[in-house]
Amino acid sequence: MITMNYRKAIAEAIARAMRRDPRVVFLGEDVGKPGGAFKTTVGLRDEFGPNRVWDTPISEQAIIGAAIGAAMRGLRPIAEIMFADFLGTCWDGIANHAAKLRYMSNGQVSVPIVIRTHGGAGLGFAAQHSQLFDNLAMSIPGLKVVVPSNPADLIGLFQAAVDDPDPVLFIEHKALFDVKGEVDEDPFSVPLGSAATVRQGEDLTLVATGAMVPVCVQAAERLSEQKVSAEVIDLRCLTPLDMSTILTSIAKTSRIVIVQEGPATCGWGSEVAARTADVGFNSLDAPVRRVTSPPTPTPFAANLEKLWVPTVERVVAEAMSFW
Amino acid sequence: MKEIRAFEDKLQQLFSDGLVRGSTHLANGQEAVAVGAAAALAPQDVVFCTYRGHHHCLARGMPPEAAFAEILGRLGGCCGGKGGSMHLTDPSLGLLGSYAIVGAHIPIAVGSAWASRVNGDDAVTCCFFGDGTTTIGSFHEALNLAAVWRLPIIFICENNQYSEYTPIAEVVPVVNPAADRASAYGLKSVLVDGNDIEAVRSAVTDARGTAAEGNGPSLIEAVTYRQSGHSRADPGTYKPAAEVAYWNTRDPIKLFETSLDLPTGELEAMNRGVEATIAAALEVALASPEPGPEALLTSVWGDAPT
Amino acid sequence: MITMNYRKAIAEAIARAMRRDPRVVFLGEDVGKPGGAFKTTVGLRDEFGPNRVWDTPISEQAIIGAAIGAAMRGLRPIAEIMFADFLGTCWDGIANHAAKLRYMSNGQVSVPIVIRTHGGAGLGFAAQHSQLFDNLAMSIPGLKVVVPSNPADLIGLFQAAVDDPDPVLFIEHKALFDVKGEVDEDPFSVPLGSAATVRQGEDLTLVATGAMVPVCVQAAERLSEQKVSAEVIDLRCLTPLDMSTILTSIAKTSRIVIVQEGPATCGWGSEVAARTADVGFNSLDAPVRRVTSPPTPTPFAANLEKLWVPTVERVVAEAMSFW
Amino acid sequence: MKEIRAFEDKLQQLFSDGLVRGSTHLANGQEAVAVGAAAALAPQDVVFCTYRGHHHCLARGMPPEAAFAEILGRLGGCCGGKGGSMHLTDPSLGLLGSYAIVGAHIPIAVGSAWASRVNGDDAVTCCFFGDGTTTIGSFHEALNLAAVWRLPIIFICENNQYSEYTPIAEVVPVVNPAADRASAYGLKSVLVDGNDIEAVRSAVTDARGTAAEGNGPSLIEAVTYRQSGHSRADPGTYKPAAEVAYWNTRDPIKLFETSLDLPTGELEAMNRGVEATIAAALEVALASPEPGPEALLTSVWGDAPT
């Protein structure tokens, strides 16, 4: 085991994938020589050379297109989109092409690409640099969606994403870049679609992703002081969605609070809530609750942004409202 | 070219008979671009085309029965009926797809050329698109990237004078929507008569050589004419009669036949042969069953049983 | 009252808005001289002239940008995106700019635009020409979303959309183009955010939009043959979402089936389900059910596409499963 | 220019002191573009700029205290603290926004020019963007549309040689990313020394005349240099020392001062005045409170109470 932060884990994950499979190539803006706008890809061009690590112009549509086309020809491209917010500039390539080509061609064409990006609020990047885009991705059949919350998961899920035959949107969270964790030195992979129960509990299930996982873990600790035992589930992937871990949990706890960064409407939390209210209905003793950001863009001012991102206090309050 | 023409004419008829659903875009008048280019390409080469792509697929060797069956939504179609007219695909022929979002395939084609560059293989990628497509952002991004990375790709703009119902001159500020923009990407301006099969073949042969020798992309504008309307339901009444008449005199098939100077008997025999081939292909397609209901759920994911 | 079909109602709606307010201008591909790819805008250029009806190049980003910029300068632009599927090519302009400029500028900037498009499956247009994009739009704060199901609503809601100070995505359904209905000859407007209860019922609430409204009405008729009385709600708008009409209905019926065209995940149906399972939980006697398209792109073949779009039979079966 | 330089230098210091969150992009070295252009515009004109836009806003008359307060997230900011460094906006000054998605504002600026055309008013729209922005699709779509519709707009490409950490020559296949592409839009190629305030003013004056007379858009490439790193956290170590040294000799402020040939005393007095103005503006900004929590929910909708 070695300790590394989430930022370092990104470069490590890419490097491991590139070492393991010569078909893996990596492209994006400033990812090579500069080592990434957030220094998340430092060292890769030195190790793998210019034939495998490519700096591109500011051309998100071309980046995604190039990845798709190269994948159709047998490569395993990793494409970086610098901020998740920029996915709007190349959404057609992702949603209408990468995700649909296999189906439209009746299985003749495969698009095994990983689109890495980072998203999320909390650092003062304002409305056009703070979104996750996770729900939009999740709504597209044919696209897998990964949202790692810690360095080890990041590396393991990344390996699975690169090995996967389908296009995967891999959304890191920029507020986690400095979070440290233990990572196995040997190669490993975490299967896509398996949630992690990061804390066991009896009275209540908290479901979260990314930067909301540590928020829920802290909330669970606070709740335990009030004699409420909360189970915390880190979904890790949005597609495939591991509902069975959630259903097993609520069969025990009968109560759920979904904690989601970003506005509630049509978020991943709506889908989890909708499925819970359908197949999990008979387990429920109480309404399905969500703690989310308000229905607004992300404000810039520090004090407003703090109110925008769900907090430990809000999670605790929502949980306690059951009693 | 004749086979393509006969195929498209038959389609128009099938549409009138109510057998073709959705949208179909014929390439009548543009056959020389497809056949001339196909003649210049090698078997390992890769072709990307659009919703108006039947001619490219047939020229590249797609059996007409597979194309018909696809357009009719039958199991025997090249995509098992799941793609339809706008999405003919057959990787075994290097046909990596027909795309229905204007311009979206150009960056994808660039990716294919990039793969050749990374792998050091000798496949050249050929990407077809229309004149109207030169005004969309993905065209610009793709051309710029291909030029900067000097990728082995041939961009062929089929300037058929119309972007749907709008004459191209009304929506671009230059005379030749592709050729006049080559210099913006550091490329040579190449303009050819798209109704002259030999001219097309020669230009694409040159471009293929440039790509294969590692000298990067070419942008060819082939000037031609869309004899039909934009899509199956469009009679094209907005096209000036004189324009239509002029381009009829420049029909690529007629021009080629004239240049061949064959005895009439031989030509008629050829025509009969083509008609028979197409009629037989349609029979095969019509005999193909619909896809089974299980096909609805297959081929969404690569790791699920299909 | 005059009778007209949905297709004609589109041109009529635009014409009424343009007559009423000289600031209204209209732009899009082939909308002027050709009268629209689906003949939905025939006659407008003749009536209003080239200074108010503009044909554009194929440049969706420029179309949306132009509408936004002109709105900031005091016009009331209507922009057509020919198929909803193409929204992916200009999503950044809509989601990151039109929807956020008011907030980012603290109210200094207003973007009163209407983006009209049509979406939906059923006519054999295949995977890249059959989507609604309604859920993606609904998830963006700052954007209103309208989904009319009949000619009168279309005209009334369109007037409200044009008068609205915010960007509105107005999604027509191409399978409804030939549907006829009665329309008031005098100008009228239907307020955004008001659902319509199109059929009263006691046992069950069906919630739908667009082309699923007639499906639900037919299903309700079939259900009445089996002595089940179904209420049918046509949401008409997704944002603002009229939850109170739904909540009032389930307070009476205790059961809900949400009928949505398009894959379930993160659809508008998830949001309705999630809110129902939260604030409506105590009204519910049964799980919250959804009838949706399968999680796949839209297939081309006629028989497959028929299986893809929710049918009367499926709605009836889902409803009967409660008993 | 001096005020802008002093403003940006102060910001860099505030950042080092941990007072500026998120991202800030300084325009040191590019002041002549902003001030030269502003001098050529009329009060009714409209300006669109980017996340690197402090200089444009200040040149257009934004009070430095409003800019500081915005960047510090205070209520007194031009956007009440909700926008931040990348989104300075003040419609009362014709500043219709600073945009943080590369290229996205260019079509929006075209829309502003379109409104002038529809309304027949005499406002000209001026849109600034960087050299790296010439590779994104929205640039292409916007230029094409503005050219076809002959709109009253001035596109100014501030070629500061870098697209983030990448030298522009590595990502475009032409020497001048904007000027070499003007012909693709049927426009004249205009290249000016962006560090020469008079050259900029003269080029923009010409372009404004063209626009005002109904002769359509102009595309100006102003060649300049980004003296700082890309954003606040970037020391710019990848920039060759000789390049930096060369451009220091071409500092626009120094060049202008030399051309003015003022007595030293006068110059020093001016400098002191500027420093005092900026210091006072910062005081005002720092004294401004944070926005109240109710601001979180206001200004999302136009029909909700704000």
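To keep things simple, chains are lettered A, B, C and D as they appear, and every chain counts its residues starting from 1.
We take it that a contact is a pair of C-beta atoms (placed from the backbone, for glycine too) under 8 Å apart; a residue touches a chain by one contact, two chains touch by 3 or more.
The structure displayed is predicted, hence computed values, not measured ones.
A.B. asks: Say we pretend chain A isn't there, which chains still hang together?
C.D. replies: one piece
A.B. asks: Give me the chains shared as neighbours by chain B and chain D.
C.D. replies: Touching chain B and chain D alike, sorted by label: A, C.
A.B. asks: From the centre of chain C, which other chain's Cα mean sits the farthest off?
C.D. replies: Measuring from the centre of chain C, the most distant chain centre belongs to D.
A.B. asks: How many angstrom lie between the CA centroids of chain C and chain D, rounded to a whole number?
C.D. replies: One centre to the other, that is 39 Å.
A.B. asks: Between chain A and chain C, tell me the centre distance in angstrom, where each centre is the average of that chain's C-alpha atoms.
C.D. replies: 30
A.B. asks: Return the distance between the CA-based centres of chain A and chain D, expressed in whole Å.
C.D. replies: 35
A.B. asks: Which chain C residues reach two or more other chains?
C.D. replies: 56-57, 59-61, 85-86, 88-89, 92-93, 96, 103-104, 126-128, 141-142, 295-297, 299-300
A.B. asks: Multi-chain contacts in chain B: which residues touch at least two other chains?
C.D. replies: Residues 79, 81-83, 87, 99, 101, 104, 135-138, 141, 144-145, 148, 170-172, 295, 300 of chain B touch two or more partner chains.
A.B. asks: Chain touch graph shape: choose line, ring, star, complete or other and state it.
C.D. replies: complete
A.B. asks: If you look only at chain B, which of its residues touch chain D in the complex?
C.D. replies: Spelled out, the residues of chain B in touch with chain D are 135-141, 144-145, 147-148, 170-174, 180-181, 183-187.
A.B. asks: Within the complex, which stretch of chain D touches chain C?
C.D. replies: So the residues of chain D touching chain C come out as 46, 48, 79-83, 87, 89-91, 96-97, 99, 101, 104-116, 118-119, 123, 125, 137-138, 141-142, 144-145, 148-149, 295, 298-303, 306.
A.B. asks: Once bound in the complex, which stretches of chain C touch chain A?
C.D. replies: Interface residues on the chain C side: 85-86, 88-89, 91-96, 99-100, 103-104, 126-128, 135-136, 138-139, 141-142, 239, 241, 263-271, 273-274, 276-279, 281-282, 284, 286-290, 295-297, 299-300.
A.B. asks: So in the complex, which bits of chain B are touching chain C?
C.D. replies: Of all residues in chain B, those touching chain C are 21-23, 73-74, 79, 81-87, 99-104, 132-133, 135-138, 163-166, 170-172, 238, 290-291, 293, 295-297, 300.
A.B. asks: Could you pull out which chain A residues touch chain D in their complex?
C.D. replies: 29-30, 33-34, 37, 55-61, 85-86, 88-89, 123-129, 294-297, 299-304, 307-308
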